[in-house]
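Naming follows writing order (A, B, C, D, E, F, G and H), and every chain is counted from residue 1.
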Amino acid sequence: MVVRRNVIRYSLAVDEKKRSNLKTIASESYMKSETLFLKNAQTFAEAMVRCGVRYHFAYPITPATEVMKHTSVILPQYGGRMVQMESELAVANALAGCACTGTLGATSTSGPGMSLMQETISYMAGGELPCIMLDAMRVGPGDGDIVGAQSNYFQATRGGGHGDYRVIVLAPASGQEIVDIMPEAVKLAYTYRTPVLFVIDGVTCTMTESANFPEPHDYASEFDTSSWAFTGTGDHPKRYLLTGSYTHSQGEELNNHLLAKYERIKEEEQRWEEIQVDDADVVLVAFGIHGRMGQDLVSNMRADGKKVGLIRPISLWPFPDKAFEKLPESVKSMLVVEMNHGQMLDDVRLAVNGRLPVHFLGKTGGDMPLCTLAEMTAKINTLL
Amino acid sequence: MKAKNKKHVICGERCKSCGLCVEACPKNTLAIGQTLNGQGYNIVEQIRPEDCVLCGLCRIVCPDVAIGVVESD
Amino acid sequence: MQELAKIYGETLLLDKKFSYCPGCGHGIVTRLVAEAIEAFGIRKRTVSVVGIGCGGFSHHYMEIDAIEAMHGRAPAVAVGYKIAKPENIVYTYQGDGDCSAIGLAELLHTANRGIPVTCFMINNNLFGMTGGQMSPATLEGQVTSTTPKGRDVHQHGYPLRVPEMMADMRGAKYVAREAVYDAKSIRKAASSVRKALDCQMKGLGFSFVEFIVPCPTGLRLSVSDSYKWNKEKMVEYFKPQVFKNEMEQNDEN
Amino acid sequence: MRTNCTFSGSGGQGSALLAKLICQGAMKQGLQVVMTQTYGIEQRGGDSTGYVVVSDSRIGNPLVENDADVSVALSPTIYEGCLDGSAVGGLVLANSSLITETREREGVKQVLIPASDIAVELGSVKCANIVMLGAVLEATKVLEFATVEEVLRDLMGAKKPALLEMNLKALEKGRALYLSAAE
Amino acid sequence: MVVRRNVIRYSLAVDEKKRSNLKTIASESYMKSETLFLKNAQTFAEAMVRCGVRYHFAYPITPATEVMKHTSVILPQYGGRMVQMESELAVANALAGCACTGTLGATSTSGPGMSLMQETISYMAGGELPCIMLDAMRVGPGDGDIVGAQSNYFQATRGGGHGDYRVIVLAPASGQEIVDIMPEAVKLAYTYRTPVLFVIDGVTCTMTESANFPEPHDYASEFDTSSWAFTGTGDHPKRYLLTGSYTHSQGEELNNHLLAKYERIKEEEQRWEEIQVDDADVVLVAFGIHGRMGQDLVSNMRADGKKVGLIRPISLWPFPDKAFEKLPESVKSMLVVEMNHGQMLDDVRLAVNGRLPVHFLGKTGGDMPLCTLAEMTAKINTLL
Amino acid sequence: MQELAKIYGETLLLDKKFSYCPGCGHGIVTRLVAEAIEAFGIRKRTVSVVGIGCGGFSHHYMEIDAIEAMHGRAPAVAVGYKIAKPENIVYTYQGDGDCSAIGLAELLHTANRGIPVTCFMINNNLFGMTGGQMSPATLEGQVTSTTPKGRDVHQHGYPLRVPEMMADMRGAKYVAREAVYDAKSIRKAASSVRKALDCQMKGLGFSFVEFIVPCPTGLRLSVSDSYKWNKEKMVEYFKPQVFKNEMEQNDEN
Amino acid sequence: MRTNCTFSGSGGQGSALLAKLICQGAMKQGLQVVMTQTYGIEQRGGDSTGYVVVSDSRIGNPLVENDADVSVALSPTIYEGCLDGSAVGGLVLANSSLITETREREGVKQVLIPASDIAVELGSVKCANIVMLGAVLEATKVLEFATVEEVLRDLMGAKKPALLEMNLKALEKGRALYLSAAE
Amino acid sequence: MKAKNKKHVICGERCKSCGLCVEACPKNTLAIGQTLNGQGYNIVEQIRPEDCVLCGLCRIVCPDVAIGVVESD
């Protein structure tokens, strides 16, 4: 099936005879729904562009750089642009500026870059600016190691920046899931006017696998932003994005408004995958690559007659508390496995609230920066 | 020699008594007065309106857009 | 007020009083910017990206959309905005602290990138909003709340001149420093505001105007003395001048 | 059925290409496939390993965790790693042109293929990896020969017929070598 | 009692005839132990200087600016210096540079500044660099409001930066407690080679009250840093602070080393105040100003015959789990009160682990940005 | 190796091989820095603050203490270090990305502050370590992994010249740009390294040297071609020169 | 015993100084004291309120939360706030020179003191705050008069004897006014 | 004409075959040889040692500190 590529024309509304520093050329081309064999970081790039993201602001950092390399090639074909900024600070703020026009932009980075963006993420959450972000997680702290990790879970889910805010955090575990969830991400970003942050460990990001891409569809332009975007007073009375010129009561109101929104998101947007929890003795809880390995683990161990189940959180914030609400009687304990020293562990313990023992297996860094299937299996065997 | 269709105006509510117009007026027609405005500032006034040449310098230097020369209708 | 509104048209919201202190130079620059927007008839497609500082309030007095950026980052916000919506006119309104201390990298990279946005830097040579601390522009020996014995250039360096750093940047097309200590300098400043916006409207490239203004409160001077000090001390070091005016060189690359 | 493969070599030996060829072949045959790579701190050279998992069903665990069904060792520096990373019951194919010292590991079958020498004979040392590929295919049947030939044709057919010719020969040679060596 | 002020001489070891950009003049003066009536931000400044901090790196931000205004006056008297940097990013990194010499430096900031420092705090934690920091918390997110808040609890206690790291977080509730705990803070910073972060809400920071200062004592110079400081290879073989040139296994080792250190700190450094918990029906848990108000609350309600107790965490990380381990049978429920929308709440719930219901009362921003004693009392009455 | 050690003394650790790619310009600059340290006999009190990039490895080859700073922040680290320990010699070793993209504000403020530290910027006009992306110094039209059609100056601006921005800063006492494309240029570069460190040793003020070097890997050129490209293209835009040498003006304020 | 005080006025009326004088007096008498201030977004002018808690024991709650025992209202803009912020049983001292419209609040005692007029009589409108201070001391006995006189003396004695004289008179006048007004 | 007390040395282990010294040598005495070192690079060698004038240019251009002229003892 061949469909017309979504082309967004981009031009400057200025005297045509004058030179423009901004002009980009939108080329028309055609594309179909297709299966591509890509690094997952590239899959991320393809997926977001095919869902309507036209501006990708970024600064190189391994293992996220693949995303910008890919968008720098494909975005111009869609009439968009990859904008390499001078730093992650500038990236985040340009992304905010883009969002202010009602346009969905994206960025991709890794640990140190994420940390540099925290002030602005707090700002975007407070200013209710939608965007798509990717944290291709590597080993911290400090500049750290470029191999994959999951040690930015706290930063992602609790707002590493200041203030009472949250962003929606999604953790797809494969290239296909990245593709499948991207339209959702766009919808969440606009519906709740919030940054949506993908956290994917570097191992998964640099892994090459195939993914089925449906026909491109510009989800991003389906949302009406005219009620809030700062597009000039041509069609609305003065609007402004408030941050520095608060009154005390405006600060309180904004916080209450955000709180209410976050409660709504918690209620409606929990996402997870669950495998054979119904009669399980032990439930493995893991996200991203460990969650994916858990799929094999469950079938292997079940084949050995061992009753193991899996809960794989897909939304990390809101955390899928609901998955833990009605755990069957059979469950005797849980095992959390992470590529860190125990971060999602807190959320699982909070969800379980003392009803069951919650065990932990984790690792950060090293040549094999994650727990192997063998290690996970061994640990579960001690719990059965 | 005043332009017929112009007049000098002061927006008392906006004035902050900074005195910049007083210093700028080439004809020394302005002074800080006794009347307080809602912001608590003594409003500038024209003490010799007849000397005003409607040059508009007071408008240019005023940091609070509180004074100037407008078309009279 | 209503009478004055005749001069100023729709951009300036005269029913909102400026929150600036008496005599504050921000008042003058805010008015100049509003006048230029009005004059060009671009109010409906103009967006102000304000920095954090006393000038952050400047947009409240104009009927235009506004974005309050995080401290120092207004130029980056403006770049993102302009790229996504090039038909709009975007200017930043930043203090010297915002623009030349914390935000120096964003400012200079925006200038160098050369995409058509405009940055206004209102240099009152200290941090006004936070209570008069030293800024990069504080003069040698000047006492502020963080330099109780005066700026010691051996510790803090000499006052930083910003547009001078844009000299070598080909993407920056209009670069000027202005002052507001008397009617004449204000008229010149007004002209630079217009040129800077015009440069953007024509899509030529980056434009920048620095304004030397007094902060009587931070300087702990009377309004009159603060203007005198501007005229005598500040402009001696920060010389008003047009550094670049490449608005006619459209064919140049 | 799942097959875990490991392709190791030092810079320029084409172990990554080897991995990619397998991936592309697998996709042509409608199989699931995942490739992972080790990467160091540096942009520059050094040893590299590509791990490929081929399966006819969804691949949960994408890693080859010391359980490779087949490992190709192109250079001596990574030979030990290949041997240790093999599953019990697995196969190690070692490039005996360069790997001169080998050792036994219980439960692991080893086949020595003088790939570099053969490659030189065929025209370029660079096609040593394809020689190995022929051996892998013959040993594991993970993919059809025809598929891989098609992949090679897609890759270089039009533009570089001579290169293609050499590589097809290398592939065939590898298969033959495996057959005789494995006897 | 009059003691000699600790004077540290500061000079450049270069040809004396050459001009130096660095020279500062150390004046000798005398000072006694004394009671001062100061804003608590100033008390913080006095306390740290009197404990031996000689370099304070800062960038103005309300309500932390008072600290630098104060140190800019007093530090030169001690032969030290307040160094105003160009941004919080530069501040944090200069602080790291100072720490590399084995010298204890300090900084003070508020929400947006804290967020900008996250990358470097992660770096300092990873590099095991000691320092003293103050987060004079104001209302977020975004630039926010300058009134006090406690909404940076997550950021402080979970590492707003990337990676598996923690910093020691102290929350004194009064000027006197700031003074009393400062020598401890210096000791913790050196003993564990870690940043020590004070989090104090803006209301407390801007409050003026008296505090008794003991004689100044240069605790900072009592610690031997010669085993690790990067002071040149004159007295040790080459040393370097590793961050970018990791091998994978070094990354893993560093993380394991940090983990072990953090476990030790958790074991040994929990600090809290506890009032009449022994026979309480309800226990109030609050830190900082709410904890301090809790002191009155307990005595008021006890006077009414209501059995209320208080746990006031002083170290927020490590969180005083131990205070919750052996809660008496009498306790029916807990109430957590914060100037935010529920952050320490997670830690209390984790500590209690489902054994008791944990209720929450919180607020961020507004003219009165905290819960009043009346509101707290009313809420507890519903729980009795 | 042992034989060569005779020339180089104790600073250079010849038993550690450089991890740079064959022909990488970092190797030359790293050696020049080590030679100057050795020549001045300051090894034991010298500390290298390296940026993040291929040059981050430079300190591994010298018997001196080192601090690996976060990306772009080395100058701020150096300032904090120098203030706490002024008797030591502190230099930063940063790439063009580190120094002039993410770290521009820290570099320029450090230069302006004028306290005696030295910054070396190794400009290979791209991000080497991350795989050859555009940096501020990438030339017009140059293809990199993030500018697949070449740097478009209308989007990204013209290549940024850094020492030019320090012209007006009185605290910066020695500022130069050097190249390493042949023996002659390397000898000149060596002299600038020595002057920059000497400037610091004398406590005069800030010193800065930019080195134009090739990154054959990032440029995807042969070693020989990459040096030719440096000599022909790079130094045409980035002209080697001594911008400031105020080392004798000790009495000047 | 704990006394909660609120001192409000607009910029330049010296409400903050008033609060500080109480604090210093309290310290002289060995009492515990805490001062908090409201602050807006701006550096500039506007109304301001200083809250002071004086106590003979440790001050847990440092806030005056609508439970002021005594409130001083120097200007009309903050009058309503003072009245609402008073405890039941509390006292509001209003500067009747400027506050011309007052209202009743059940359980709150109000005493009108023409502080600005008296201050002008004494030589400067600026000492209206000290007139109020005299009234506060007489009404609450929170501090000894002698202590506050000493504080004033410390503050301006040596350098500004005339100013001190005026302020001491203002203090005394405030006390007398309260006595007569409160009858 | 060689200085008596000097000699030319190559540290094969450090050489990365970049060829810069080969290009720089005024006497064309250097060439990339066949021997591989531990890093896998072909080591540069002096193919006409007798022509070497010990000028040291090879040392200056070598990015890997692998070649040069030293005192002979």
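General remarks:
Everything that follows uses one rule, which is that a residue touches a chain if its C-beta (ideal position, glycine included) is under 8 Å from a C-beta of that chain, and two chains touch if they have at least 3 such contacts.
For clarity, every value in this text was computed on a predicted model and none was experimentally measured.
Comparing the centres of all chains, each the average of its CA atoms, the largest separation from chain H belongs to G. The most distant chain from chain F is G, comparing centres defined as mean Cα coordinates. If you average the CA atoms of chain B and of chain H, the two centres end up 85 Å from each other. With centres defined as mean CA coordinates, chain F is found 37 Å away from chain A. Per-chain CA centroids place chain G at a distance of 89 Å from chain H.
Residue positions 41, 45 of chain G each touch two or more of the other chains. Shown for chain A are the residues that touch two or more other chains, namely 20-22, 81, 83, 86-87, 89, 112, 119, 123, 142-143, 145, 147, 242-248, 367. For chain F, residues that reach two or more other chains under the stated contact definition are 20-21, 52, 68, 70-71, 101-102, 104-105, 109, 114-115, 130-131, 136, 154-156, 171.
On chain A, the positions that touch chain E within their shared complex are 89, 110-112, 114-116, 118-119, 122-123, 125-127, 137, 139-145, 147, 149, 151-152, 154-155, 158-165, 242-244, 246-255, 258-259, 340-341, 343, 346, 349-350, 352-355, 363-367, 369. Of all residues in chain C, those touching chain A in their complex are 43-47, 49-50, 52, 56-57, 59-60, 62-71, 73, 76-88, 105-106, 109, 114-116, 171, 201-205, 250-251. Those residues of chain F lying in contact with chain H across their complex are 1, 3-4, 6-8, 12, 14, 17-18, 20-28, 31, 182-183, 186-187, 223-224, 227. Interface residues of chain A facing chain D in the complex, by the touch rule stated above, are 35, 37, 145-147, 174, 203-204, 206-210, 289, 292-297, 299, 367-368, 370, 372-374. Contact residues on chain B toward chain C in their complex (touch as defined above): 9, 11, 13-14, 16-20, 23-24, 39, 41, 57, 59-68, 70-71.
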